[in-house]
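Listed after this line are the structures, all set down as structure tokens.
In what comes next, chain A is part of two complexes: it sits with chain B in the first one and with chain C in the second one.
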Partner chain A sequence: MTSYAMTRVASGIRMLLAAFALAAFAFFLIGPLLNLVLWSVAERWYTPYKLPVTFGTRYWEQVFRPTGDAMASLATSVWIAVLTVIVALALSIPAGYALARLKLPVRSLFMILFLLPQAFPSVAIYINVARVFYQIGINGTVFAVVLVHAAHGLVYSVWIAAAAFAAVDKDLELAARNIGASPLKTFTSVTLPLAAPGIVASGIFVFLESLDEFTGTFFVGVPQVTTLPLLLYNAAQGGNYQVASITALILLVPSVLFMLFIERFLRADVLAKVGS
Partner chain B sequence: MEPETQARAGSGAAISVRALQVAYSGTRVLHGLDLDFAPGSFTALLGSSGCGKTTLLRSLSGFVPVESGSIVVGGKDVAGLPPEKRGMAMVFQSYALWPHMTVLQNIGYGLKLRGKSRAEIAAKVGEMLNFLGLSGYENRKVTALSGGQRQRVALGRALAIDPGILLLDEPLSNLDAKIRLTMRHEIRAIQQRLGLTAVHVTHDREEAMTMADRLVIMQAGRIAQVGTPEEVYDRPASAFVANFMGAENVLPLQVERAEGKAAVTAGGARATLEAEAAAALPTGEALAYFRDDVASLDALDAPAGSGDLIVPGTIAARAYPGGIYRYKVEAAGRQITVDDVGRHELGTKVGLRIPLQRLHIFPASEAGIAA
Partner chain C sequence: MSLSQRQLALLLIAPGFALVAALFLYPLCFSLVSAFTGPEGGFSLQAFAKAWELYSGDVVFTVVIVVASCLLTALLAIVIAGTLTLGENRYIVGTLRALYRWPLFIPFIVAAQCMRTFLAKNGLMNNSFVAMGLMEPLQAVSFLDWRGIIATFVWKQMPFVALLLAGALAALDRATLEAGRNLGASRLRVLVELALPQVMPQLLVALVLSFVTMLSVLSVPMMVAGSQPTMLTVDMAFRINAYGDYATANALGVITYLISAGAAIIYLKRGMAKEGTP
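Showing the complex of A and B:
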């Protein structure tokens, strides 16, 4: 065998391996999604059939019917998510700015304070929260759910906001003060616009977290407040895989949009400062 | 140069600093400075890094809190005021232009704060850009500009508010050499034209000398010398200043006095100075500081003449920077740099001709720090 033929065989094997790896990657990434899509259009599907017996959009129609549970809980989910973003940003913008500009000892104390909720099992925390909320009579309200979601979202949003503010060069603020801007004017015209991509990213992150949140909603919201993840849970429990799949697909949309936003707008130097 | 600028003081304001002390987290950086800035003057704060020159500038601008002392501008102590109330405009080393704004928005920012209409802002910015040689750049993104252009926009932003005082924080250090030379002249010309009081921080000696009417040499949070470029260069007040201004050769001397005359010995050479010149000399152990062009090479047995020392030495190294040869000569236990037109071989015994009049001589006890 000539060396030429050997290189050809070697490169052929390499190609084969690469193709295999790519296929495996696609399977793990796209496989579950494909399964969801398949289930969402399967009107009848039972063993031993590998594919649905009857295809149709009956369940999609059911979900998107104006009077359907799904649309109502989608609206609830989005409403809660929007309120959560407002509450989280109202806190994380000042907190993030303070963290970015404070000296070190206070800084780490602050950080720990915001990270603490993540350190404990969430179920244990939410049971206690539910008890307290029940006592003060706000259990089962949108307000209670927003509070729980915001507390959860703050962990990330404060962190990201702090990184976004830290990436703003202090000289840029001083330059504004120097030619006559008050501290507030400096913040609104220089610091905030420059940190905006990071702040928006943290807002989107909080929005997605809220949209996805299950445990907290379950403990403080049920039965009055039904969000999309709760609906998905109920549908899956009831064996209705079609509605569960469609709900899951709806939940996926904002995540994909977020990925695209991050890729497009968030500067690498902001990302690098997250957690530093 | 100085009287001329004093005479045509325009919009410049006077600054008077008294007993200024500044500390960073417990460490004192400025130790009670007293300094006056005349209206329309151009002062360069010069010193090696960590000497406190930037801190002084930043405490003038209000970025650094003052521990004690006063900063009086136009009869009013501004030491306790926030930066926006001080009427000083600064040009930053990093330019600090706002990347989310256009050239127009950057330069017009201060005008907008002062409630000017859009038409007024556009007119003033246009005039400013014209002045800076950047006509038509209004709607450019500042991120799309070159270093020199950014520098001009930063200058325009500072000048647009008609400040009485212009603070320059190493504004030229990020530019390449050729543009730096042009900008030196431009900034100086603008300052003269507008009659501004300018305070310029730099570690570049030549930049300070060519731009300023007055130098303030700083050393470890104190003022080492204040004077015109000529005064500081030709008559340094201390060994530190002499060394900092480029007199890097050090020669140990012995000065003895007898009958109004002074006898100076160094490395086996001896010279006598008459009454007048002798009076300025310290007595006993001393160190002489001088630049590379002061000493010259001569024969070992050359006649000393009046006021010259002929110190015997050996050529230890030679370089050719162009035009002349630069030698390192071992003499009196030191290495001394000498420029000479002739080519000599290494190891040659030579006589170093050193004119006493051109030496900066300080008592060894004081000079120790810089030696």
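Showing the complex of A and C:
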């Protein structure tokens, strides 16, 4: 064999190995999701059968029945997530502006403070929050869950809002001030609209975090508040794999959409300013 | 009345600060005080003695799982990010780019439910191996124990670490890497000796964040691996829900703070050693 042919064979083998590794990777990445889909349409599935014995949409109908648990949980989850976004943005727009534009004493300490809840293992925090909430009688209420979700989401909303405000061109604000706009008018008609895409992105992030949150709700919301993740947990622990899988698929939709479109929401110039 | 800029800034940040103080700083202090207080009040290490007596095995189990998951995540993320940056076959790079991010925003509880079915004795993984003739049906074993927890953590955190790493690699000076290639270094060598040392800080940040996240997750150990041994998060929830035993639960909590502090110190030490070298 010529050396040219040997190189061709060698590169062919490498190609084959790479393709095989990629296929194995795809199997472990997609396999678990595929199993979830299979369980959601399996009416009967037991060993030794490798695939469901009967397929059907019976459990989908059960889950999507207007009076079913899942619809109520979905409504609770979305309601909590909307309230969480409102609370988080109401707190983080002023805080983000102060961090980005004003002379704030101990600025970096404040930045770290908002990061801290993410930097500590959270279970030990939540059990004590639940204890305090229990003492003041708000455990098991939507209000309590919203507070916990908002505190958790604040790091994203504050940091991204600060980055979004920092990315706004200062000259535009100065121009508005020069033609006689008040500081408040400048903020509402120049700074805020220009920072809006980043703030919307942080709102979406907070919404998703709230929708997916399990641990905090588990300690603070139980047993009165049943969000979708708690419904999933209860169904899974109760052995109802179909309802658990369908609930999981409902939770997957916003997550995957966000994954596909995150780059449209978060522009590079804002991302570059995060944490600075 | 007019406010100075500093006063205005403090006023604007106050509500957000209040929420974090009430729902993070206060409970954090509370957990520390509770862990170090004895049954009759006063300073005591009794809660730690009890926690260690009952759960020392789970402390080791938790550390081993989290460290192993981080190492595997790092390895996989390096391979993925390296292929994305230095890969020459555009079909492979394109497929990988389209694939690897899927678990990025999937909630842990959904990942746990996926893995619970996928890794079971009769799950899709074993069934596929049997169907492909790689394994006899009788050889099938359940992976729903420490292996399942590690698999779920790696599956979930790998895209996050790979995304940050790929971003950092893409920002590197291409000329250095090309020069290495031109001098005859293999792609693996360029990745390990030229590219990786330059993006170590980003990789370590991503890994420390993943480390703390894994220490905080309750759903995965609860759903993927049922009984003993289990992770400290599950033990804490059990102490509270079954006995209302806050002292021991908070002592376990302080142990998890110490474990995550260990990771943070390793990270900071490395950062300082870097700055110290001329």
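Definition applied: the second predicted complex is superposed on the first by the 269 of 276 C-alpha atoms of A that agree within 3 Å, B and C clash if a C-alpha of one lies under 4 Å from a C-alpha of the other, contacts with A are read in each partner's own complex, and residues count from 1 in each chain.
Keep this in mind: a residue touches a chain if its C-beta (ideal position, glycine included) is under 8 Å from a C-beta of that chain, and two chains touch if they have at least 3 such contacts.
Since we're looking at a predicted model, the values are computed, not measured.
K.L.:
Identify whether chain B and chain C fit side by side or clash on chain A in the overlaid structures.
P.N.:
fit
K.L.:
Tell me which partner A:L194 touches in the superposition: chain B (first), chain C (second), both or neither.
P.N.:
After superposing on A, A:L194 lies in contact with chain B but is clear of chain C.
K.L.:
Is A:P223 touching anything from chain B or chain C once the two structures are fitted on A? First, second, both or neither.
P.N.:
Neither chain B nor chain C is touched by A:P223.
K.L.:
Does the superposition put A:S255 against chain B (first), chain C (second), both, or neither?
P.N.:
A:S255 contacts chain C only, not chain B.
K.L.:
By the touch definition at the top of the document, which applies to A:S182: first (chain B), second (chain C), both, or neither?
P.N.:
first
K.L.:
A:L172 contacts which: chain B (first), chain C (second), both, neither?
P.N.:
first
K.L.:
May I ask you to decide whether A:S245 touches chain B, chain C, both, or neither, giving the answer as first, second, both or neither?
P.N.:
So A:S245 only meets chain C here.
K.L.:
Mind telling me which of the two, chain B or chain C, contacts the most residues of chain A?
P.N.:
Of chain B and chain C, the partner in contact with more residues of chain A is C.
K.L.:
What's the minimum Cα gap, in whole angstrom, linking chain B and chain C in the superposed view?
P.N.:
Minimum C-alpha separation, chain B to chain C: 12 Å.
K.L.:
Within the complex, which stretch of chain A touches chain C?
P.N.:
15, 18-19, 22, 25-36, 38-39, 47-48, 50, 90-92, 94-95, 97-99, 102-105, 110, 113-114, 116-132, 147-148, 150-151, 154, 158, 208, 212, 214-215, 218-219, 229, 232-233, 236-237, 241, 244-245, 248, 251-252, 255-256, 258-259
K.L.:
Spell out the residues on chain C that touch chain A in their complex, using ranges where they run on.
P.N.:
Checking each residue of chain C against chain A gives 5-6, 8-10, 12-13, 15-17, 19-20, 22-24, 26-28, 30-31, 34, 89, 92, 95-96, 99-118, 122-125, 127-128, 130-131, 137, 155, 209, 212, 215-219, 222-223, 232-233, 236-237, 240, 246, 249-250, 252-254, 256-257, 259-260, 264.
K.L.:
Which residues of chain B touch chain A in the complex?
P.N.:
61-63, 82-84, 88-90, 92, 94, 96-100, 109-110, 113-114, 157-158, 161, 163
K.L.:
Across the complex, what residues on chain A touch chain B?
P.N.:
Of all residues in chain A, those touching chain B are 169, 171-172, 174-183, 185, 189-190, 193-194.
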